[in-house]
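Data block below; observations after.
The letters A, B, C and D name the chains in turn, as written, and every chain counts its residues from 1.
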Amino acid sequence: MPMPDMHTNNLLHFSSDYMEGAHPTILAALVRTNMESTSGYGTDSYCTYAAQAILDTCNCPDGEVRFLLGGTQANTLVIDALLRPWQGVVCAATGHVNVHEAGSIEAGGHKVMPIEHVNGKISATAIEKYADAWEQDDNREHMVQPALVYLSQPTEYGTLYSKAELEAIAQVCKSHNMQLFVDGARLAYALAAPENDVSLSDLARLTDVFYIGGTKCGLLFGEAVVFTKKNMIAGLTPLIKQHGGLLAKGRLLGVQFGELFSNNLYERIGQSAIACATRIKNHLAEKGFDLYIDSPTNQVFFVVTNAQMNWLRSRVEYGFMERLDANRCVIRFATCWSTTQQSTDQLLELIDQLAQCHI
Amino acid sequence: MPMPDMHTNNLLHFSSDYMEGAHPTILAALVRTNMESTSGYGTDSYCTYAAQAILDTCNCPDGEVRFLLGGTQANTLVIDALLRPWQGVVCAATGHVNVHEAGSIEAGGHKVMPIEHVNGKISATAIEKYADAWEQDDNREHMVQPALVYLSQPTEYGTLYSKAELEAIAQVCKSHNMQLFVDGARLAYALAAPENDVSLSDLARLTDVFYIGGTKCGLLFGEAVVFTKKNMIAGLTPLIKQHGGLLAKGRLLGVQFGELFSNNLYERIGQSAIACATRIKNHLAEKGFDLYIDSPTNQVFFVVTNAQMNWLRSRVEYGFMERLDANRCVIRFATCWSTTQQSTDQLLELIDQLAQCHI
Amino acid sequence: MPMPDMHTNNLLHFSSDYMEGAHPTILAALVRTNMESTSGYGTDSYCTYAAQAILDTCNCPDGEVRFLLGGTQANTLVIDALLRPWQGVVCAATGHVNVHEAGSIEAGGHKVMPIEHVNGKISATAIEKYADAWEQDDNREHMVQPALVYLSQPTEYGTLYSKAELEAIAQVCKSHNMQLFVDGARLAYALAAPENDVSLSDLARLTDVFYIGGTKCGLLFGEAVVFTKKNMIAGLTPLIKQHGGLLAKGRLLGVQFGELFSNNLYERIGQSAIACATRIKNHLAEKGFDLYIDSPTNQVFFVVTNAQMNWLRSRVEYGFMERLDANRCVIRFATCWSTTQQSTDQLLELIDQLAQCHI
Amino acid sequence: MPMPDMHTNNLLHFSSDYMEGAHPTILAALVRTNMESTSGYGTDSYCTYAAQAILDTCNCPDGEVRFLLGGTQANTLVIDALLRPWQGVVCAATGHVNVHEAGSIEAGGHKVMPIEHVNGKISATAIEKYADAWEQDDNREHMVQPALVYLSQPTEYGTLYSKAELEAIAQVCKSHNMQLFVDGARLAYALAAPENDVSLSDLARLTDVFYIGGTKCGLLFGEAVVFTKKNMIAGLTPLIKQHGGLLAKGRLLGVQFGELFSNNLYERIGQSAIACATRIKNHLAEKGFDLYIDSPTNQVFFVVTNAQMNWLRSRVEYGFMERLDANRCVIRFATCWSTTQQSTDQLLELIDQLAQCHI
């Protein structure tokens, strides 16, 4: 019996940025190389090529790139690799490692230490205050050392750190002996945002480790972790294996990232998503909806009444964020590399209808 | 700049069974479904379909299937899910979890307890002796409880457990309160072997958990773990996430396994590999080479002198196994679903030449 | 060379409640039994006697008592024994497991989930709100399950849960499938406080696990953990061993706790400490010092200026708590079973002098 | 109700060396210092004095001493402190960390890698062979690195490493980048044995870490871990706390070890035990019993028939080791600092009777 077609629903799809497969160019590269025979576990020439292409793009000749399978794995591996058991991770209370990793960081033995944030961003000042408090506490040997700062660019709320903000944070980290790690699961959408002034080179210059997300930015799956200094981590390969990240057919990641970093695809791949998101955001504002956060990237957060949310539910897939009060919620539309002008036009039309039906 | 072609070497490729991409039928399914929009993390209808197809094939209506990314992850997840920290894994000294998982089982907190084996296989008798010793030791609360038996079908040496052997082991496990877990990373090559009398239904009937390997048997990547009873494991989803196994685009596994279990592909996919391996094995024996183990599956282990190994090195990729003495080694040729008659003919010819050159 | 006498300073000692050795009655029991030969690892008759005496005192015939060496070990063991890796601990932000265990809970794999508190106490309402939020979140499988509530009686601020408060919390735990664990490191000082209405029987009735602190309440060392149902925990003995808690000469704990629960010593041992603390607290208030918290147990928290703190430093050992602003701090005087009327008189006199010197 | 006297049995006590309390001199020191007020967690002057006394005795001015509570804790702490998760412990198959720690080493994430032994001892040659095999394996990044060698002095069978043997092992460790750790739970009985030529200074010179056992050698409890270089371990204090080893009344260990290393008590404390054990061993041999191992320390291993073992069971406590065949077992008599001439005389008489009763 053949596998049947799965008839998907007729809704518009704006719930998240990992709903489709791979960008056609990426998929074509996998098809083109499928029957080639290569060595395993990331020792093949595609991985070598892709790693070098990334280091070149980042102006990071002394760095080291490793390809992992997903964001949770990247976050967990990096934190386990950089920290010892009495050291913890400082991050926004909304940070992915604090809220949505099913306790993976703690399962690896490390405390997550949330601090105050504004729209998902934490400040150099707040980080320094936290580090100072630990350093000055006589009981600090009975406490967890804040040893690593975790940021996302863009953040979980789609906001961006500016270069100046990132430089200030990097400075605080240096002077307080903390490492800086940036989660770039959606990094392509930051790079493509007009407001953005942080380049890949800046990330390589200012952080200890960051990763370039593939899963949400055009690949079937995969994240490229950039260790900005070679041999930072003893035993990196067995550590990756212990985290379930050493893919037998490692070349799948080499081929995908190799293609993504050829012809400047990574710099272009987020552009249409930003264009579509900007149209949606502006249209919502124009039609009188409250934006929850004015995000410059591919996620649009806005406020709806319960009735409006019900009306939308049968017409478009969205992301539910949180309940504001008994009558109102925050929801999200997310675009991505696969979002078309046509589906965006249809969404704008839906927004018009919703605005007009006075519910 | 486009990604350059990687010119692979001109050697014949018999080093392992994960050197190419996916079986063309599997790849076609990924291409066909690429732009469909589905829900994430394995909640899509392809995953549902594939899980049901597997349970149907295994006659295991009360089971539960989860799709993971690779073998190390499957071994680690299952063992962590089934055991508590004072419980250990009984296996062959040659077992993959004892030798080649970079300490992942111990990193998850569990002792691996190797016992004697014959050609990679352990016996019900040896398992029972080990369990008895623990049960009868007055100090057993200061020792690790043997709580799970790990087997591979086929084993690391390509050998097979018979149905009678497996039934005896299952019986010992039951009477000593141990769970039985079978690693099926190369299971397709067991199912396709003429000597084999253990079906997927037998595995479902006799084990607590087993997995159906995809990575080495036609998929880009992926292993289907069959828990033979539903809800055996509390918190299975967060546990999988903690092990880096919750793929955002989970449908990649659903599509691949759905296709693999349609049109009986899984039962057929190992047949040509076995045919090729049998030709190679017989030819080696005929030409006077010592088989190290007479394996009935897709791996052929045989003995060469150092000079012979050097001669081969520039002509064919093989797997190095172990040094027998100062002058002789064991090496391996592995076939897989992608091995062609043509490349097998070329290998037989090489063997002829090697036999004639008297080195 | 003999060990020299250590001349301790001439300060008054009110910094904490673990500064001296054991209550003379306890020490006498250790001396009396010193040359007896018993079996090891807690299997001796002193341990059996002490466990039964505790269960009798707690009206908990179906419970099980285990003796551990200290508070960190008790907290870590109980949490590791009760939780699986995706489950976390709800507690006050000021809770010992959140702040002062050097990350031991996370090192064991569990997230600590701090919630709002008042004077160190959390409410049934706040706990329920937290549990509800998790239960109703569609993403809860990507989050940590709140599976255990941790309280201290008295709290880190010396405050007490009333019986009604504890009953409400126990009810919420039951209806949300959470376990309730009470840290009783200073429990004797709760039991001896006139305000207290929570008995050992109440703790046994309302919690899943609690412990009776010995280290701060008259023993050289040791905590008696009461599991209120027998055999709650599979593998409890090896788990204790893995936590470094299986003392070879386990009878040291049996003898000490056996003596502590003979002649009602445990109920009496905190009384003089409470009397002394109450005198100190009232005297401070009378002399115009601000109490930071009006604690009914053996810890007195109050506000001093920097100059006052400096004045005290050369006269009495106190505990530093926190800086309130540039000019003021919170410090603590703690009494214990060994605090004498004489040293309390001397402290009151110091307070008089401090009040008069107008700094 | 007062705690009743526990009437112990009338058997002779030769089952192990942790059946009584503390050596009277040690206990007297605890009593003498009981009401002194000191700072907590090992920061007191007794701990400082004891640490210095140990370093002086070991000629190890650059070392660092930490006091832990028991042997399992010492083994687990040291291994966790020295190793990363992909690194393992090489030891004798009979090593305590391999057999009798309830999986604590693996629970901390590390593989135990047993190698061949002779009477509980492993050789420099066997260690080097194991290290070589790993270094030369192309798959070593998928394997556990042998990174630490664990020995016991005396071994689990009471045998002793000579200075020459230890020097050879230290040399292999150095040249293969492995650390050397010696478990000295029964070290006093090695130091007191006439055959012994390994001093505390030798241990400090040749190992990275070793510990001086107190529990089995005269203390109520406690092991002094000697790190032979200061600051070898980052975060040592929080690591100790996470292992449940940071005793609030840390001075209990300082007082005991301070006394043990005053007046050369440690060097003398094992002497009578060795004298008694030697008398027992010689008597057994004289009376025709087979010694299982000719141990020069405080443990005497010999062979008895089942009937002989039954006869002994109602007369003397012994340690059961293992079953040799259907009719014979190995049992152990252990002496210690508290063994008297009188009880040894009684045991010799029992041996006479047993030899005469022809069972």
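Descriptive notes on the structure:
Quick note on the criterion: a contact is a pair of C-beta atoms (placed from the backbone, for glycine too) under 8 Å apart; a residue touches a chain by one contact, two chains touch by 3 or more.
Keep in mind the model is a prediction, meaning the values are calculated, not measured.
Using the contact threshold fixed earlier, the set of chains in contact with both subunit A and subunit B is C, D.
Compared with subunit D, the chain whose C-alpha mean position is the greatest distance off is A.
Annotation: 43 Å between the Cα-based centres of subunit A and subunit C. If each chain is reduced to the centroid of its CA atoms, subunit C and subunit D end up 33 Å from each other. With centres taken as mean Cα positions, subunit D sits 52 Å from subunit A.
Shared interface positions of subunit C, defined as residues touching 2 or more other chains, are 85-87, 101-103, 107, 141-144, 237-238, 241-242, 246.
Taken in their complex, subunit B has these residues touching subunit D: 85-88, 99-103, 106-112, 138-139, 141-144, 320. Of all the residues in subunit C, the ones that touch subunit D in their complex are 1-4, 6, 8, 13, 15-16, 18-22, 24, 27, 29-31, 33-40, 44-46, 49, 53, 68-73, 76-77, 101-104, 107, 215-216, 220-221, 237-238, 241-249, 252, 255, 258-259, 262-263, 317, 338.
By the touch rule above, subunit A contacts subunit D in their complex via residues 80, 84-87, 141-145, 234-235, 237-239, 241-242, 246.
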